[in-house]
Amino acid sequence: MIKKVKITYIGGGSRLWARSLMSDLALESEISGEVVLYDIDVEAAKNNAIIGNMMMALKDAKGKWHFTVESNLEFALKGADFVFLSILPATFEEMDAYVHLSESYGIYQPVGDTTGPAGIFRSLIMMPIYEKFALAIKAHAKDAWVINFTNPMTMCVQMLYHVFPQIKAFGNCHEVFHVQDLLARALFEEKKIQASRKEISINPLGINHFTWINYASYQDLDLMPIYQKFAEKYHKTGSEGDAWVDYYPFGSANRVKFDLYLKYGCIAAAGDRHLVEFLPQHFYTKNPDIIKSWRYFLTPVAHRKNIKAEGNRLALQMIHHEADVTIKPSGEEGVLQLKALLGLHDLVTNVNVPNQGQIANLPIGHVVETNAMFRRDEIRPVFAGSMPDFAHQITLRHIKNHQLLLKAFDEKDLSYARLAFSLDPSIEHLEESQKMALFDEIYTKVKPYLEYYTT
Amino acid sequence: MIKKVKITYIGGGSRLWARSLMSDLALESEISGEVVLYDIDVEAAKNNAIIGNMMMALKDAKGKWHFTVESNLEFALKGADFVFLSILPATFEEMDAYVHLSESYGIYQPVGDTTGPAGIFRSLIMMPIYEKFALAIKAHAKDAWVINFTNPMTMCVQMLYHVFPQIKAFGNCHEVFHVQDLLARALFEEKKIQASRKEISINPLGINHFTWINYASYQDLDLMPIYQKFAEKYHKTGSEGDAWVDYYPFGSANRVKFDLYLKYGCIAAAGDRHLVEFLPQHFYTKNPDIIKSWRYFLTPVAHRKNIKAEGNRLALQMIHHEADVTIKPSGEEGVLQLKALLGLHDLVTNVNVPNQGQIANLPIGHVVETNAMFRRDEIRPVFAGSMPDFAHQITLRHIKNHQLLLKAFDEKDLSYARLAFSLDPSIEHLEESQKMALFDEIYTKVKPYLEYYTT
Amino acid sequence: MIKKVKITYIGGGSRLWARSLMSDLALESEISGEVVLYDIDVEAAKNNAIIGNMMMALKDAKGKWHFTVESNLEFALKGADFVFLSILPATFEEMDAYVHLSESYGIYQPVGDTTGPAGIFRSLIMMPIYEKFALAIKAHAKDAWVINFTNPMTMCVQMLYHVFPQIKAFGNCHEVFHVQDLLARALFEEKKIQASRKEISINPLGINHFTWINYASYQDLDLMPIYQKFAEKYHKTGSEGDAWVDYYPFGSANRVKFDLYLKYGCIAAAGDRHLVEFLPQHFYTKNPDIIKSWRYFLTPVAHRKNIKAEGNRLALQMIHHEADVTIKPSGEEGVLQLKALLGLHDLVTNVNVPNQGQIANLPIGHVVETNAMFRRDEIRPVFAGSMPDFAHQITLRHIKNHQLLLKAFDEKDLSYARLAFSLDPSIEHLEESQKMALFDEIYTKVKPYLEYYTT
Amino acid sequence: MIKKVKITYIGGGSRLWARSLMSDLALESEISGEVVLYDIDVEAAKNNAIIGNMMMALKDAKGKWHFTVESNLEFALKGADFVFLSILPATFEEMDAYVHLSESYGIYQPVGDTTGPAGIFRSLIMMPIYEKFALAIKAHAKDAWVINFTNPMTMCVQMLYHVFPQIKAFGNCHEVFHVQDLLARALFEEKKIQASRKEISINPLGINHFTWINYASYQDLDLMPIYQKFAEKYHKTGSEGDAWVDYYPFGSANRVKFDLYLKYGCIAAAGDRHLVEFLPQHFYTKNPDIIKSWRYFLTPVAHRKNIKAEGNRLALQMIHHEADVTIKPSGEEGVLQLKALLGLHDLVTNVNVPNQGQIANLPIGHVVETNAMFRRDEIRPVFAGSMPDFAHQITLRHIKNHQLLLKAFDEKDLSYARLAFSLDPSIEHLEESQKMALFDEIYTKVKPYLEYYTT
């Protein structure tokens, strides 16, 4: 058992990720230590600390962790073994602007945190914030492992390495797990073989939320032809029947995934709601009717605000013993990764780190997502080969845009961001004048968060 | 004076390029020798040989060249110092199909020999033909310099190196000269300084017909700000007033070039009619009215047929002394390049060869266009740096498509060509089903020339 | 259980490797099938087949394998799932020449199968033979996995990919296991912790027999400082006391390994007898006294001949029931790798395959040794990073030489081999004239095996 | 005519290079302006300024230049169009140590400013000084062209880019001119054709002072076979008869160059005295007798001191009108390059800049020497291809060492310099203990100049 592990959680007031982590740590018997919660919303962090410590006091808690709050970033980072980054850049007000203003131009973004108009502005807001984090980590916790959960994932991890190239950072995303679940289901429907997600071997490759797989197997079975049949079977209806509606407004029925497979021959690993955002508008997001027919939801930012309010309410109830504090495994791999990095066991899983050649046909240095081997104090990417052709062409366009956003940061010059905006596949079909009008509309709303850029 | 130079001209029946070369050779006093004309249209080659020899007999001819015809490719190539490649893949009937069938889908291609639906089919037709040429050159003239004039230029040169990597081949295109002329004119309008095209130093970079310049100077003057003023001045009207109409149906007024400059800050070197073919349809080719407003022509293939018939008629008239055989310099650089490769003088000019790093942000091995230094028996690319951002993103998409076309050739599998078709920026906005319908329509018409592909 | 696996064993008459494999297969219960033994020494193959089938009939045999002999390479390969390559290029007579003739020039080669004068000539002999194998595999078993055991390992695997780039081949070498054993021992001596070889995590990187490790851990312990103490402790004496002498003439006491570590700060993974062959002569091989003081043996080729004769004798005894046929696990990973490639379990182990970037500071395409992940029908290298500085400089010199040997093969021109010979670190200190004299002496003796080279 | 050019000359007190430049400027009619001399030896700079202004007053001076002295680096650099860097790192006392202390170990260095023990220590001394220059240029003259004349050339230019990656710097070296002169002479002896140096086209490639050529032509003649005959003719005697002795102690007879050509088939471009320093000691520098037989001199540092004293004496005589101030062309290309960068004419010449791919088989980013095209405000390398095999192997070893020296600078850690020292080909044959003893001997003498390094 390894004791005295120090985790610093930036964004420690978060309702979703922070509480998942607390639950998983409570169930963990091999490591123990201290979690320092840092958040600009100090109250939220304090509530989480109280709840975390309440969890540890529960009978079914195996872990021994102490949760504290620290409002000074330097103090929070000093001595950290692990730094978790899980924040919302700006607020839901700005998110409302960069997600929904595009709709009057016919641009629909189901998630709005990764690419397209929303992703570009979210990146612009995030970069100066992440510069601060990276510099603080360099100064106060340079040997810590930094695990990023914030979106836009690729750009967040890119910024950390851009500012502090020696950083030991990676981006963690569970999106790829879903395709393993889907393959397990296909395997069962075709062959009546029950397999767990972890028994499905895959080769994920791409950029976060636009990740693909070109290899899937279970023991000595090739799952690719099995997926082919599955995709054909559910192409028209989606694989979820009406069940996907239960996940309003976060659900989808995988119709997009199957359609892409049947047209272009490669399996998309990310969820439909993410996938469509990377593609030209006429593919799947032309208008609300078309969107409906593809069977996925657009998530209104208003809904996110409600969830947040609800989460806050629940926190207070728990603190005041009006609601039960409970522990349940989150299904996330964060704690597993952490244990692997401490040397307790080996782990191969998907991860977002700079390309060192693991994807042969993407530029070196750009953050990509593939499998990697986790061991004591190291992460070594596993070579994934070349991206499938269709996905490759689209991905190159997004990578070019990421490079333009970094230039905008380096030069503090938004004209590079305007060019990235103009070249984004999801709005490329608009007239240049419309694109610039939309850019300006969003810019006006989020301006207070873009003061870093002087021109 | 260097004697006994042997030039083999594949496509030696051509009216335009072959006669330009004959004229230039007739005016050339430093080299002499033999030109062997090879063509599947043997009659046309024979007529050209007669006309060429008539030219040499003229009083103002300085050159001593003898023109012959050879219908056996092996014999034609044996002993060649230079091989010129200037053919029409298939005939104008197929060109008619691959250029004009797209129009009912709203796709307009002004030239139709490089990219888009036309370029893709022209490439498919060309590749097996060029394989034959490359193998014959490898077998019978492996040390010869091979100068390609055929379009699609990039794909033609790519195929030659693909089949015979040690080939000494390059693609020659005069398109870039026009931007030098335009800069000379801007210099005169702004500064009242007269300069010839060759005095304008530029840094061309890109792929053929989508070449850009990011550097232009005359002596100690930076021409970039001068071009800026020029582009602003003529943005609305084009720089040619109504004069461009005189070049029906090949003219343009440079409006597209100015618009691209003002939007994206880099100077396009190729003519407007070529540029628009590389771009998404909504940029400049949405419909005939829009096209008219941008002031460039769509060249009907019927017109090309007329020119050909006219050229044939004129040839017979010359042969029968009913029309004058005359010599005049073509303005082309073919003979200059040839002399430089023979060691008679150094030359720096734009050329299409595989990328060895001369364009830093394009893949190694892909045929690109930049300046190169010509000397005795060698061509050395000059490093051009990175492509400007906007042009770069579009170019990467076309390069990806070129790679897919090569895969279609390697695997004899048209599904790769279908994917390239589907990803072509000029038709990307169509539904997948429309794209495939258009592909099939063209395919049906040109099928006899695609027997190489077995699937 | 997977049945009907077909293994083709080229060099199936070999005493050591073939019998190890037969033993391991006999102990294997998860797979079964057929092993086809191919050898130019058909008698030896036949004897091995008899012995193999005798093993399978033993009570303690769990496996179900049938061994046959096939003297036609094409028939042997058809339908193979796995091809093992384990041959001696030429015979021990030639080995005698290329190992021992150098001694009169003061050049001592303890093993003589990898680098130096011996390795260069062995490569020259091997290349045309391996060309034949690669072409036959391409023609008759292109989807089979090819496992090479022959030395020079790097050059053998390189040749397979050189001739048939799509081959699924890798080189298997147990040399790296020894450093894991050594680390386990250091761990025990320092910390009194018992660990098995497989529990020691390492990051091997380099070229075969000149492999290094820059990372070693056991659970949460960093083993690098532990190795430091161990190396200091045994620097003068070696770690094996007098025990190493028991392994005459294959033993060593690790003094070279410790000395390299203390001088250059990185851990050599290969055995001392291999390591010294890669280094300039004045390091550890100056003369027999010096060699003695470093405590490793030079293996006389005469000894290898004896072993072979002894092995033959034993084979006949076993066949005639004058000696017992027994089964014991070999400690090799061949069967484990095979099972992993069949999908039965995952495996991470060291392997020799072309560099795709897994070693960041060695050229792409050159065969290197690092960890890789084995799964159903695929091997994916794990990113190993950059080689340590001292090892890197020496390795670059050997890679340059490998490239020269491939050029000698491509051009059938021994002058490239002469240059490689001249540049080999182990003889670089000789005068050019001496080097060429030695080259010629060896050449004269092995000439019948070098007829491929026309100049 | 371009007026008001400002040149800042760092090392402006130098006798040789500064006065060459002053002479060349005095003869130059197309440009004029101001030269600011900066030197830590302010007196020497003042004397040079006086002499420079006296030159300009001479009747045969065409140029209009004013020479001033500035002892503040910032003021000197402000507004500079060109910065010349021409200094002696430390003094001749330190040079004495790093050149001659090696001799008791049997290591002879004819020049002692580039590689070997001398070059390594000179680099260590130079790096912190050049860091200061690069930072000052970044702050005060970031758009100036920086022309470096200081040795070690490769390392000096590397440092400038290492500290300020956007710097417009290049290294200028006339060494390559000699091989053009030699080729012109060979051409005359073989063919009785008179040609000037500039008419000999070559393809130089390598690192400074270890530059090679694999292409030489004059008009339509290939000069490579002509050089072959020339090398054979003069292999035993050298090409200079006894004339080389007149250049004591800087002369050589080209025997080394011819020997390398006959052994390895590529033409060395640098002078023999430089070449031998890059090679293992047993090649040409074993002992004074061997050195004598190869017919080149070792330059004693005492001699350099004398030249300096003589130069100082002459300066005072000129200032006091006791010696004539005269102007004569230096044969250097500095002023030509400067005019080309101002746009007055194009120039192709050899230059030292970071590799962008111009040498295909050397690492990107490392400073290399090839031809480049000079035009208004830009230098574009010309693609030179791959280095010849023998030269390539040796060069890779030196590049590795350069990288180690940069690491020593970055980490302020001399252990990397010790490793570079240990790996230097010229001393590689020594025992590690001898190498470290020699390192320490030199270190003790030059220690005051190595305070930058903390470990």
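Letters A, B, C and D mark the chains in the order given here, with residues in each chain numbered from 1 onward.
Basically, contacts are C-beta pairs under 8 Å (C-beta built on N, C-alpha and C of every residue); 3 or more make two chains touch, one makes a residue touch a chain.
On a predicted model such as this, the values are computed, not experimentally measured, just so you know.
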Farthest chain relative to chain A (centres taken as mean CA coordinates): D
Listed pair (A-B, A-C or C-D) duplicating the B-D contact set, over half by residue number: A-C
Chain A and chain C: spacing of chain centres that average the CA atoms, whole Å: 44
Where chain B and chain C are represented by their mean Cα positions, the distance between them in whole Å: 54
Distance between the centres, which are taken as Cα means, of chain D and chain C, whole angstrom: 46
Multi-chain contact sites of chain C, meaning residues that touch two or more partners: none
Chain contact graph, described as a line, ring, star, complete graph or other shape: ring
Every chain pair in contact, whichever chains are involved: A-B, A-C, B-D, C-D
Parts of chain B lying in touch with chain A, wherever the complex brings them together: 263-264, 280, 282, 389-390, 392-393, 396-397, 400-401, 404, 416, 419, 423, 428-429, 431-432
In the complex, chain D residues that touch chain B: 2, 201, 203, 215, 217-222, 342-344, 346, 348, 356-358, 360, 371, 373, 375-378, 380-385
